[in-house]
Structures are given as C-alpha cells and as structure tokens.
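What follows is chain A paired twice: with chain B in the first complex and chain C in the second.
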Partner chain A sequence: MSGRVALIGLSLLVLIAFLAILSLTLGAASVDPFAVLTGRGDPAALQILWHLRLPRLFLALAVGANFGLAGLIVQIVLRNPLAEPGVLGVSAGASLAVVAALLLSHGALSVSLGVPLVAFGGAVAAGAAILWLCGGSGDPRRLVLGGVVFGMALNALVMAVIVGFGAGRAELALLWLTGSLYGRGYDQLWPVLACGGVAALLLPAFVRPLGLLRFGDDQARSAGLEVRIWRPAALLLAMALAASAVSAAGPIGFVGLVVPHFARLLTGAAIAPLIWVTALSGAAVTLMADVVGRAIAPPLEIPVGAVTGLIGVPIFLLLLQRQSRRRA
Partner chain B sequence: MTPDDPKQRLILPFFLLTLLLILVCAVLTLTQGRFATGLADLPTALLDRAEVTDTGFAVRQLRLPRAVMAVLAGAALGVAGALMQAITRNPLADPGLTGVTAGAAFAVVLGFTLLGVSQAGLLVLGTVGGALSGALTFALAAQRGFNPAHLILAGVAVAAFCLSGINVLLLLGATSMNSAWFWLVGGLANRTWQDVGHLWPMVLPVLVLVWLTSRRLDLLLLDDDTSRGIGLHAGRWRLIFGLCSVVLTAGCVATCGPIGFIGLLAPHVARMGLGGAVSHRLLIPASALAGAAILSVADALAASRLIFPTEIPTGIPAILIGAGMFLLLFRNGLRVGR
Partner chain C sequence: MTLQASHLTLRYGRRAVLRDVGLDFDPTGITGIVGPNGSGKSSLLRCLAGLCAPSQGSVSMDGRAIRDWPARKLSRRLAFLPQSPQAPDGLTLRDLVAHGRFSHRGFFRTGRGDQAAIDHALEQTGLTALAGRAFDSLSGGERQRGWIAMALAQQSGMLLLDEPTTWLDIGHQIEVLELLRRLNRQDGLGIVMVLHDLNHAAAYADRIVAIKDGAVCADGPPHQVVVPALIQNLFGVAAQVVDLGTEHAQRPHVVVTSASRNVAYGHG
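Then we have the complex of A and B:
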C-alpha cells in the first residue's frame, strides 16, 4: 500500500515539475528558463522569470494545495462528499470585504498588500460568524445549511455593493471575483506559504481525529475523541487554509470540491496518505489550470478561476459516477 | 377541521393581510420615480387614457407593468417552492437551492449571447435548461436518499457549474459585464407590458393546474407504500409537479432574471401565517400570495433608493429579506429533514 502511495506521490511530483517548466516558459513573452539559469539569457528574461513567473508558479502550487486540503478537511468533518470550503463562507466573506474596500476606498487601497489583508479579514470574519451562528461543534447538517444560506446573503451584498457603488470602477472588483493569479508576486506568496507550513506541522496531529470524525460523532466519542474540541479545531484549520488561499488568488472554485475526490480515487480512504496526495494534486491541478489559461490565447489570459470551473465540471461528474458505481 | 380550529380562523386574516401588503407596495411603486405622483393623482393617471401626460405614461407604461410583474413572478416563485418542497418532502427545497434557477439562467444567457433567440425562445430554452439542471441535482442527491443537506450541496454544486458556464459565456460574448451582472441579480426595472404578456400565459395556467390537482400533493407527503396503496402513481405525479415547478421558475428567470430565496421562504411564511401545516388546497394559494407579497416589498424597496444611492436590482433586497428570514426560521428550530 505504502509503495503504491509513494509511486502516486512521485508521479504527481513529476507532473508538477513538467507543468512548472511549462509555466516558466509560456506566457506573453517566451522565456527559455534553462538559458536564464545557465546565465545565457538577457536581463529582461531574468527579470520576468525571477519577479513574475517564479512567484506565480509557487503561488499556484501553494494556493492549490491549501484549497485542496481545506476541501478535504471540510468533506471529512461534515461527512459529505459534496461539501467544499465555500460552505464555511470564506469565499463570500473575502469577496464582500474586497469589493467593498475597493469600491468605497476610491482607489486608496494598495492592490498588492491591502487587498489580501482585507480579503483575509473578511474570510475569517465570515467563517467565524458561521461557526458561531450554526454551532461548529453541533450537527454538521446545520452548519452546511446555515453556511450555504449565509454565503448567499453575503454574495447578494457583494452584488448590491457593485451595483450601488460600482459606477465605472466595477471591472477591477469583477476581475478579483473570478479568481486569478495575474500580477501576483512575492508579497502575496509568503502569507499563503506560512499558512500552508503551519498546517503541515499541525496536520499529523489531526490524522487520528479526522479518521474518527469520518464515522460519526458516536463512533468518534466511543473511541475516546473529544468531538466538541476536535471538530471546531479541524474546521478552523480548514478555514485558515482556505482564507489564506482566497486572500492571495480570489475565490477559485472547484479545487476544494474536486481534488479530494481525485485523491480518494487514487489512494483510498486512509487519512494520512490522503492528506499528502490531496495537497500534491491540488497544487498540480491549480498550476495546470493557470498554464492552460495562459496558453490558450496569449497575450490574453483566461483567469484561473474560469479554467478550474470548466475543467472541474466534467471531472466532478465522472468522479461522482465512479464512486456511486463502486459503492453499488 | 372544525370551525373552532385556530387554522380555520387564521385563513381570512392571512389572505387579507397579504393582499393589503401587495396593494400598499403597488401604490408605492406606482407613485415613486422621476415623475413624482401624488396619491390623489393616481386614479386619473391610471384611468384617464385620453390625456397624454408624462406622469400618465410613466404610471401606465412603466410602473404598472412592473407592479404586475412583481405579483405574477412572486406568486410563480412561491408556488414553485411549495411544489419542490412537497415532491422532495424536504422543507429546504426550492428552485434556487436545487440548481433549477441557475440552469435556467445559463440557458437564457446562452440564448441571448450566442444563439440570439427571441424572447419567446428564451422562455422555452430556460425551461429546458432548468429541467436539465434540476434533473442533474436530483440524480446527485438520489445517491444519499435525498438527505436535505446533501440535496442542498448537490444543488450548490450544480448551480456553481452553471454560474461558471455563465461566466465563460459572458467572457466570450460581447455583452458588457456590468449590464450582465445587473441581469444576473434579477430585477423588475424597465419591464414592460410585453414582458407581462410573455409571463402570464406561462404562469397562470400552471398555477390553476396545480391548484386543481393539489389533493395529489397532500398524498405525495405520505410514504410511498401508502400512496401506492391508495392507487396514486407517486413517481408520475412527482414528475408532473416537478415540471410545473421548473416551468414556473423558468418563466420568471427568462423575464426577470434569477431571483433567489422567494420559493424557499413563501411556503414557510404561508404555513406560519396559517398557524401550522395545512392542506395544499390552501397552502398553494397562500404560498402564491406570500411570494407575491415578498417580491412586491422587495421591489418597492429596490425602487425607493432608501438604502443605496441608485436604484438597485430587485433581487438584492429579495435575497436579503429572504436570507434574514431564513436564518431567523433556522435559529427558531426549523425542522431539518423528515
């Protein structure tokens, strides 16, 4: 079993390396990364590679891994394969905060530092409100319903702000709402990496609780797990992961929903390998979506959020069909 | 049900109250706007067709169709929600949360960006799209025996798919993002008698049909073995009522855009107003009235510039009222599932 997991991990790493080379090469300006690395490239190419493509590459990987892990935790804790980090309200909360800040600050908000900060604040506030309102320690179904409805209300407010105060400056807000990696640099990368790193340190402690929570409260309790502590803790971890990813890249959909299914299909249900394979697949899928979005019609870019939506639909349906057949 | 039954005594007040609310909102809608109209001028502006004035034109051609649309669309959405809740036996089902609205919206956007079909074609296209996405949601939800939380997550996933499809269509199409977003929120501004003419032939016959067959809805709430014992083809009637719900929703989406939450809320408001569970013969008209009242209030708020500096799409106050009331219901212990 572990040999199989190692093989899967290795092939995912190879895929990521291949995509990384593509990501460094493709774009509005064609750059040969090997020439630059061996010192044969011109200074402009070095500049593009070092300050634009490299941070973007790592950001795609980190955002994808964080979204994927957040989705996995949410699906396990809420015991529902259709749950995604959006249920915690992070995307809607970040959207409302960013749109309101962009449109009400009259351009005073710095896009590279201010927007991610505001987004993170909004995401955490909305997530905390949902956990508090719907009882993070109680019935998971209440959390799902309350979270979905709360998210819809926040999205309605986003629309209201755009329509009410947008007047000619809505494009910037709308671009952010699609979810994109365009123009991101090291400033946005560090917070996502930090959140992912802390999560990676904490996750080994969560392996057993997650494995028990999957089977329901009674089972988990009878195995000696403090459900009232571990469930909110796991949800908080998922919220922090998703909030950091949203704050850097905007609300990219489907990675948190689809990637855990993909990982489960590859590894089976054991938690520890599932965590690592989910992180790697999330990184690979997001990087792939970014590369595809840049490669289709250069110099135009299709935002990564739109690409994950398009790729996500058929994959998701296929995976669900597979799973239901396997269960039957 | 005896005459002393509290439910029986609440029927008349509930119907009168909702009608009064609709009337007040209609008067508000008719008098507000660029050509301010006093209450006293309203009868002349409405009835005196001979005199051509700005006010008369604004009232008869701009504001009256809008008020009528609010009532028609609200009633349609309210009944669509009641049907959805009955056929799934799930108090949280509604055309929006089951992905039907988003599917219809995707089809309509496809129609007017790429295919360029007429308004009547949009109605048909919207119905087909709504039916397909609704079927997809139910197919996903069936894996867990229609567990309420699962049904909603399936609906959210389907709706998210449709929304990303809409995003791509808008990126491809030449439509300005701003106006498209305005439409996607759902609104009643600038609706004319022509839109009313498209909506009522779709809505009114279905409403009458549903009301005439509403006995069957009560039977669908029984478990399947019992209803089979009475000789009811439960599956067939679920399909018929499901289609009715889709047609009602699609009509609203094609003419007013996707307005959320009214279908979810109206039946609960109706039940609360009538003092508990009632037969569908009563619940259907009550839901229609409640839906019409909620949408009328939302539209009067949207037109009034009370909250925002400009006029906002009707969908925004509608969804805010809806979400607020829903969270209230939710905290007060709305029963989740059967």
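Then we have the complex of A and C:
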C-alpha cells in the first residue's frame, strides 16, 4: 500500500515538473527557460521568467494545494462528500469584500496588495460569522445548511454591488470572481506559501483526529477524541488555507470539491497519504488549468477558475467510471 | 470502578426525557435497560457515556462527574457503541478496529502493545480471518462484531451498547449476545446495554432496569422484573411469563397472549 502511495506521489511530481516547464515556456511571449538558465537568454526573457512566470508557477501550485487540502478537511469534518471550502463562507466573503472595495474605491485599491488583504479579511470575517452562527462547535448539519444559505446571501450581495456600482469596471470585478492568476507576483505568493507551510507542519497532528471525526460525534468522543476542540480546530485550519488561496487567486471553484475525491480514488481511505496526494493533485490540477488557459488562444488568457472545471470534470468522471467498474 | 446516575434529569426544550433517575451500575455484571419506544432508555445510555449534558443531577464515575473526565482518559474506562454506527468508506476491518486505539496511541506514535490489542480484539470477536476484508463487504453480523471489536480495542473496563441486536436476524442476534456474555464472564468486561427484546434481556442480563416515561419503574434480577404486571404497565399487552430456567437459575420468558393495548399512546 505505501509502495503504491509512493508511486502515485512520484507520478504526480513528474506531472508537476512537466507542467512547470510548460508553464515557464508558454505565454504571450515565448521564453526558453533552458536558454535563460544557461545564460544564453536575453535580459527581457530573464525578467519575464523571474518576475512573472516563476511566481505565477509557484502560486498556481500553492493555491491548488491549499484549496485541495481545505476541501479535504471540510469533507471529512462535515462528513459530507459535497462539502467544499465555500461552505465555510470564505469564497463568498472574500468576493463581497473585494468587489465592494474594487468598485467603491474607484480604482484606488492597489491590486497587488490591497485586493489580497481585503479578500483575506472578507474571507476570515465570513468564516468566523458562519462558525459563530452555528454555535461554534461546527455541528455538521447546521454548518452545511448555514454555510450554504449564508454563502448564497453574500453572493446575492456581490451581484447587487456589481449591478449598482459596476459602471465601467464590472469586468475587473468579474475577472476576480472567476479566479485568475493573471498578473500575480511574489507579493501574493508569500502569504499563500506561509499558510500552506503552517498547515503542513500542523497536519500530522490532525491525521488521527480527522480519522476519528469520520465516524459520528458519539463514537469519536467515546474513542477518546475531544470533538469540541478538534472539530473547530480542523475547520479553522481549512478556513485559513482557503482564505489564503482565495485572497491570492480569487474563488477558484472545483478544486476544493473534486480534488479530494480524486485523491481518495487514487489512494483509498487512510488519512495520511490522502493529505499528501490531495495537496499534490490540487497543485497539479491548478497548474494544468493555468497552463491550458494560457495555451489555448495566446495572447488571450482563459482564467484558471474557468479552466479547472473544463479539464477537471472529464478527468473526474473518467476516474469515477473506472472505480465503479472495478467494484462491479 | 463505579458508574452512577443520581437525580439525573434531561430535558429537550420543555419535554423531560429523563426524570430524576438514580442508578448504580455494577462494573462486573450485565445490565439490560428495557422500555417502550421513546421511554428515554437511549438517552439514559448516552448520559451514562458522558455524551449529553444532564439538565439536572449528574452521572459520575469514580466520584467525578462524567462530563469532567478528559475524553481520552474516559475512553480507557468506558466504551460506547451507538445503535447505528456509520463506517467511513474504504476501511478494512483491521483499520476500523485500529481506530479504537486512539486513546492509547497518542497523535503520532503507535503505542506499545497496539498491534497486540487489535489482534486480541479481533480474536475475541472471532474475526481474525476477516481482518483484511473491506468492512463494507462484511455481513451484518460480522459488521456488528467488528464494531464490538473496535470498542474492545479501547481496553476499557465497561462497555455501553445501544440496542446491539437491531438490524440482525435472530441467529446473529443470539451470536452477538453470546459474545457479550462471554466477554463479561471470561474477560470481566462490565456491560450495560439497551435491549429491545424483553426475552433477550431476561436471558442475558443479570439485572434489568425498566424505564417508562423517563423514570425507572422497575430494577432487579430478571425473575423479579419480568412479570405480567410490568409487561402490561410498560408495553400495554397481556402476557404470560414461563420459566425456562434450570435448577441453577431462573429464566423468565415472555409469551404475549393479547395484543390489545390499554395504555395511552403518545410517548412513541
């Protein structure tokens, strides 16, 4: 089993390396990363590679890993295969904050620093509000229902703000709402990496609690898990991961919902391999979506959030099909 | 080890589910809790396991309120099996049983004697040969024994079970009850279980506690509790009780003679 997991991890790493080379090469301007690395490239190419493509590459990986992990935790803790980070309100909260700030500040908001900060604030505020509304304990049924309803209300407000104040700048808001990696640099990368890094340090302690939270509350508690502490803690971790990813890239849909299932189909039910395969798969899927979005019709870009659904859904359906055939 | 409820009252909103229940539990015997649907017997069991907070009164173990015990320490003393436990997808039987080891394992290390305890729990429940099978591919009776093995892996002194024979056919019901009796007699595991079937309680419990409308209405050895008047009172049916016992022990057995109910409905 562990050999199988190692093989899966290795395959994902190879896939990511391959995609990384494509990601550095493809784009509006064609750059040969090997020429730059060996000192034969021109200074403009070096600039593009170092300040545009490299941070964007790492951002795609980090955002994908964070969304994937957030989705995995939420699905386990809420015992609901349809749960995704959006249930915690982070995407809707970030969207409302960003759209309102973008449109009401009349363009004064700095896109590289202001938007991520506002998004993170909105995400955390919405997540905290939902946890509080559901009594702080994270009771799964209340949280799922409360989260979905609260998210709908926030998204309705987003639309209201766009319609009411969008005049002339609605595209900017809409582009952010789709989820895009366009124009992102190191400023946006560090917070996402920091959240992902902290999560990677904490997650080993969560492996066994998450394993028990998959059973009902009563059984988890009688097996010795302090559910009142570990469930909110796990949800806070998921919230931080999703909020950091949303703040950098906007609400990229699909990754948090489907990547955990994808990883489960690959590895099985054990939590520890599931965590690492989810992180790697999320990174790979998001990078792939970004590369495809840039490669289809250069110099135009299709936002990564639009592509994740387009390439992820067929892959997922294929896996599901294979899985059900194996069971039958 | 002592487990006791005193003046235990539990309310959901204005409805009292348990009313002033006082009970001491024998850590070495088998106690069967019986009563009609909605009488509060499952709520009583959950309170005993420290899973719901009493509105008044208390449940305590070794003199300390059960809700004040740290979950991990409590789980080494007391295991609980709900009526319809849900297994996550994709676990093998052995994986499932291993989850019962949480309180001994800590968060990272695999505790000493871990594998041995899992093996022992599988052996006690006769599941050693099935350890590698997918849990959801097992039969109903095997799954129920698997859940019991997970609880046994906690190595607690007492086991609380909520209707452990529901969903099982009569052969598997007896198999589970025989297993529990063996665990009690051979391994000294104290057992408190809610049972649906009076005859099962009469046959397997050393003591029967009858609950009606959230209060204890009878408490004692089976031959004292299982009498026609109580059955009439609890379930509203006329019944005869025959003794199927040996010279060593009395063993009352209920035969319902009239299905006419003459108690009010409304607690279901």
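Here, the second predicted complex is superposed on the first by the 309 of 328 C-alpha atoms of A that agree within 3 Å, B and C clash if a C-alpha of one lies under 4 Å from a C-alpha of the other, contacts with A are read in each partner's own complex, and residues count from 1 in each chain.
Assume a residue touches a chain if its C-beta (ideal position, glycine included) is under 8 Å from a C-beta of that chain, and two chains touch if they have at least 3 such contacts.
Only a predicted model underlies this, so the values are computations on that prediction, with no experimental measurement involved.
In the three-chain model built by superposing on chain A, chain B and chain C fit together without any clash.
Comparing chain B with chain C, the partner in contact with more residues of chain A is B. Looking at the shared chain after the overlay, A:264 reaches chain C, while chain B stays out of its contact range.
Legend: residue contacts after superposition of the two complexes on their common chain; A:148 is shown touching chain B, with no touch to chain C. When the shared chain is aligned, chain C comes close enough to touch A:221, but chain B does not. Within the superposed three-chain model, A:140 lies in touch with chain B and out of touch with chain C [touch as defined at top].
In the superposed model, the vertex angle chain B-chain A-chain C (Cα centres) comes to 80 degrees (nearest 10). When both complexes are overlaid on chain A, the residue A:42 reaches neither chain B nor chain C.
Once both structures are overlaid on their shared chain A, chain B and chain C have a minimum Cα-Cα separation of 11 Å. For the contact definition in use here, the chain B contact set and the chain C contact set of chain A share no residue.
Those residues of chain A whose C-beta lies close enough to touch chain C in the complex are 79, 204-205, 207-209, 211-212, 214-219, 221-227, 264, 268-270. Touching chain B in their complex are the following residues of chain A: 78, 80, 82-84, 86-87, 133, 139-142, 144-146, 148-150, 152-153, 156-157, 159-160, 162-166, 170-171, 174, 178, 253-254, 257, 302, 305-306, 309-310, 312-313, 316, 320, 324, 327.
Across the complex, chain C meets chain A through its residues 46, 49-51, 70-72, 74-76, 78-82, 85-91, 95, 99-100, 102-103, 105, 107-108, 150, 154.
Within the complex formed with chain A, the chain B residues making contact are 92, 97, 140, 143, 147-150, 152-154, 156-157, 160-161, 163-165, 167-168, 171, 177-178, 181-182, 184-185, 260-261, 308-310, 312-313, 315-316, 319-320, 323-324, 326-327, 330-331, 336-337.
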